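Same chain, two partners: subunit A is paired with subunit B first, then with subunit C.
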Partner chain A sequence: MAKYQLVLEAGRADRQYWRDLWAFRELMFQLARRDVAVHYKQTVIGGFWAVARPLVTVVILTVVFSRVAGLEADGGVWYPLFILAGMLAWQFFAAILGESSNSLLNNANLVSKVYFPRLLVPLSALGVPLLDLLVLSPFLVGMMVYAGVIPPWQLVFAPLFLLLAAATALGIGFGLCALNVKYRDFRYVIPFILQFGVYASPIGYATSRMPPDYQGLYHLNPMVFVIDGLRWSVLGVGDPFAGGGWLVSLAVSLAALLAGVRYFRRTERTFADVI
Partner chain B sequence: MPEPIIRVENLGKRYSLCHQAGGPRYRALRDILSEGVTNGFGLFGARAAATREEFWALKDVSFEVNEGEVVGIIGRNGAGKSTLLKILSRITEPTTGRVTLNGRVASLLEVGTGFHPELTGRENIYINGSILGMSRSEIARKFDEIVAFAEVEKFLDTPVKRYSSGMGVRLGFAVAAHLEPEILVVDEVLAVGDAAFQKKCLGKMGEVARAGRTVLFVSHNMQTIGSLCQSVRLLDGGALRYQGEVVGGIAHYYRTLDASQRDGTDAQRRPGTGEFRFLHAASDASEYRPHEVKVIRFRVRPMTNSTPRVSLSAHLTDATGGLVCQCDSRFLGVHVNLSQGECEGALAITTPWLKPGEYAVDLFLVDGNVGVVDRFERACQFRVLPILPYPDIGPEPGFSQGAVLGQFSWTVSTTGPTEGNRVLAE
Partner chain C sequence: MTVAEKVAEAEEPLVLEPGGADRRFWRDLWHYRDLFVFLAWRDIAVRYRQTIVGMAWALLQPALTMVLFTVVFGRIAHLEAGGVPYPLLVLAGLIPWQLFSASLTGSGDSLAANAGLISKVYFPRMIIPMAAVAVAAVNALVALGLFAALMPWYGAWPTWRLVALPALLVLACLQGLGAGLVTASLGLRCRRTRTPKTASNPTLDR
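Now for the complex of A and B:
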């Protein structure tokens, strides 16, 4: 009779999952569009917020690290530019992590009223950070022009590093948003991670400043490789592959992604009952 | 025998209730940690040790639905209807058993799911549509129809937060009404909106049904069920109690309702703020002739220390659940200052003359300030005997089509010239 058949049974949802995820992709774009449309509604300066916050941070970090601490950037790059390139990657990561980890709670009404693969919800949280990234990028280009920096050939790898930032943030985000459904504690964990991460990542200073003994430990922070990599590909300074620490960072990123997806998938079927 | 479009086999859904007085539904990690400390167990031992009770919202439910059938799902509050719909619409998984669906399902458990107040009507149509499973091109194709159905043409570019609640509901239903699934699952969504719009929604539902789609429809309104559905499934306490014809199902539904109310334990679970509860209600006679005065006597008991000033109301409903008339004491200027201690009273319904059949009376206590204090559905029943209050015996079509029996007289007198009358007579 009908070509379409669906069997609902305990534990059965798995078999259809990835196909459904694809079938519902339009919903993901709609949710992302909604978040983007709503994000700066009823603010006076609108999208300028996407620029204002990182730029102010750049100024402050420049003063602290360059003037007060007297540090120098890799390859003698203009310090604000050095920081901005790092900020760009960090901001992207932080925004995705923040948005995705609260996404299920923010969409609780959807989760309890309609079916769709729940993974779409944290995925759709990519929309706003992507837009913010697009808005901020011209400032980086402008500062590069001002400082007379010509992008090196490895610029082609820049999207890969941004992809890695997104994958890492989503991995952690998947896990945290699933945990948030059951234990609201995790809402308070994210601001802490982000606050602490600014100093634990090479944003205001270069990775090469870290004493060699600490390099291995330092690279447990997956954003070390992402930030160094983005600087290397955009500004052509530093060497993200020096010392093999990058393998640690990359492994942590991938582990976070895998663990996040697995935990999310395992708890997903109870979301509607618990949220 | 064609394969049924929906087959439900031994379906069960278990929830674990966590007994912690006043505790939130979700748990803070702190709770688990503190339980762990007090119990002297590890984290996971503590979780198991928390007082838990298993509760089967659905148990061993099996039925089939054929293609093109419009099925009403009925049952009291907590009978498992919503759980069944949630499983069918894949929001939650069954614990046991299985469901086989031979068609795409669209479910409408709420009107306007995912509407964002900051976005315009236009934007929300797209979001809501894709949430319900429509593709962008499908929405674009039906866009004008949806807008026309919702009657919001002028406000398309206004944020939904500035809409009246009626407009929001209309827009939500309009989007859902343009879904084209093989199976449509609808939860009591028609209970919202004004009367005219409800009628329109019902019309649309009928249209969907006539187009050959399978519809599962949950409602407490037996009249809607009666007019829309071809068969019903009755759930009670998580189990399927009846499946089959609508009339039989509705009768069965009323019996489960009556049974639960006779034992009196249900009074606290009835809707209403509950300062006072009807304790008992009975009709003076179990059978009346159509034109006799029907007298309902009742007792009211205080449940708290408050002494509200209330009005009384009664709804007289017929066997299909249709509301025949309302008897609201406010129209008589009657208010009662309830005092501590039980009190009793009576309601006398003089007209209309009722058609033969079964009737039930819903009783209400209403406090003008806080709303309904007690709502005692089907507080008592009586039967009207098929003995017509007319002097002569007429043919059945002469009275069977009306809602009630009229008290009337006919007079005819001659006004024109007698000449004309003669012509007519020839």
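Now for the complex of A and C:
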């Protein structure tokens, strides 16, 4: 970094954007570390929320869908475990989406003062969700031990599904945080998407329960494939590849990532003026 | 008449003295009702005029949730509605819940959002969270309009018990305000109390 000489000239950001992104990686880690420190140290309840929130949701969804509605999990898995596996993927997705979509506004001072590839800001929002995931996963392991579930060979694919969740969330997050700079109203939209998604994704119930006439529409939600995939790889239940739905989900994920990056890159140069 | 004129006209001029706010809190609250109307009006105007989607969003949010919950709880979970059309059952529950949660989140964030005002002039601080509840109430009225439009569509008609509706809505507002006053005061001390409401929790979120 010491020998790296930064020359700002017209068109520079376009020509070597991705090289600059790599050169400035240090900044991304720094931002992520700051967010993690704030999240886990300076809060009264600290990392407690990272665990309490999903676990409380698991309890409520279990009561509603298992006790009240009497639904069965795929492959007869213990219902809370079935939900927690879905919740893990959803929470990871939702946290990245929530953090990244507000990231530019939260770092307005930085953005309006110095040059760096702005994409680093929403990227650094990965830090807190990753740590939250690490804090929460022992609970999944504990419940698997309790329920006597042995992970199948597909477990090797679990990171891929988490990567897909992160890519989807970042894609949407890039788009939303760029929109947020210009139209502050998107602040109202994001909590709604996140709350809506809890019921519009197969967290409390299995995808197979969705009536056949809605299946096509349902798979437009990219998290359907991610959640089903994570359950399949960790718990060995269900078949995420049943029907062609997963191709739709995957296509939506990739489209979201591409469109998000594209829109972000196009509007990026005006951030400092508008924010 | 503006607040200033009212104050000037009042028999007792406003004297700030130690303990004054405690002794005449409720009287001052009434006295400053103009400020309440003004703050509420400002927030409503921001919500409805300056947003691109404006009114559409206030309708879209309950409508989308109604459709989703009807599919999830009616078609997937096969829960009984007791003879009522399922979408109506959902919407009738959704309106008071959203009123409560919007009152809670709105009033909870209101003090921090109006910090500039608080640190400068005297007025009963409770006016700020109360104005935030008024915004939630307007949102609820919009959703009630949707409900009223859907009822004839499903062939359902209200009974004389409709007279209880205003009281129930006020109750939801008061519950939201009560909880919101606590989170608002706590929120000023430790900003992170806002966290539980912002992320994806269906139980605590709006």
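Please note the rule applied: the second predicted complex is superposed on the first by the 259 of 275 C-alpha atoms of A that agree within 3 Å, B and C clash if a C-alpha of one lies under 4 Å from a C-alpha of the other, contacts with A are read in each partner's own complex, and residues count from 1 in each chain.
Note that in this section a contact is a pair of C-beta atoms (placed from the backbone, for glycine too) under 8 Å apart; a residue touches a chain by one contact, two chains touch by 3 or more.
Keep in mind it's a predicted model, so treat the numbers as computed, not measured.
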Report task. Based on the superposed arrangement, let me know which partner A:60 touches: subunit B (first), subunit C (second), both, or neither? Result -> second
Query raised in the report: Now for A:194: first (subunit B), second (subunit C), both, or neither, which partner does it touch?
Result: second
Requested in this report: Tell me which partner A:110 touches in the superposition: subunit B (first), subunit C (second), both or neither.
Outcome: first
Report task. Quick one: classify A:272 as touching subunit B (first), subunit C (second), both or neither. Result -> first
Requested in this report: Give one of first, second, both or neither to describe whether A:34 is in contact with subunit B, with subunit C, with both, or with none.
Outcome: first
Query raised in the report: Now for A:185: first (subunit B), second (subunit C), both, or neither, which partner does it touch?
Result: both
Query raised in the report: Which holds for A:10: it touches subunit B only (first), subunit C only (second), both, or neither?
Result: first
Query raised in the report: What is the shared patch of subunit A, the residues that subunit B and subunit C both contact?
Result: 42, 183, 185
Query - Partner subunit C, residues of subunit A touching it in the complex - result: 42-45, 49, 53, 56-57, 60, 64-65, 68-69, 71, 90-91, 94-95, 98, 183, 185, 188-189, 191-192, 194-200, 204-205, 209-211, 214
Query raised in the report: In the complex of these two chains, what residues of subunit A are touching subunit B?
Result: 1-2, 4-13, 24, 26-27, 30-31, 33-34, 37-38, 41-42, 107, 109-116, 181-185, 269, 272-275
**Report entry** subunit A-touching residues of subunit B, taken from the complex the two chains share
**Finding:** 2-3, 5, 15, 25-30, 67, 86-105, 107, 109-110, 113-114, 116, 118-119, 123, 126-127, 130-133, 135-136, 182
Requested in this report: Enumerate the contact residues on subunit C facing subunit A in the complex.
Outcome: 51-53, 57, 61, 64-65, 68-69, 71-73, 75-79, 190, 192-193, 195-196, 198-203, 205-206
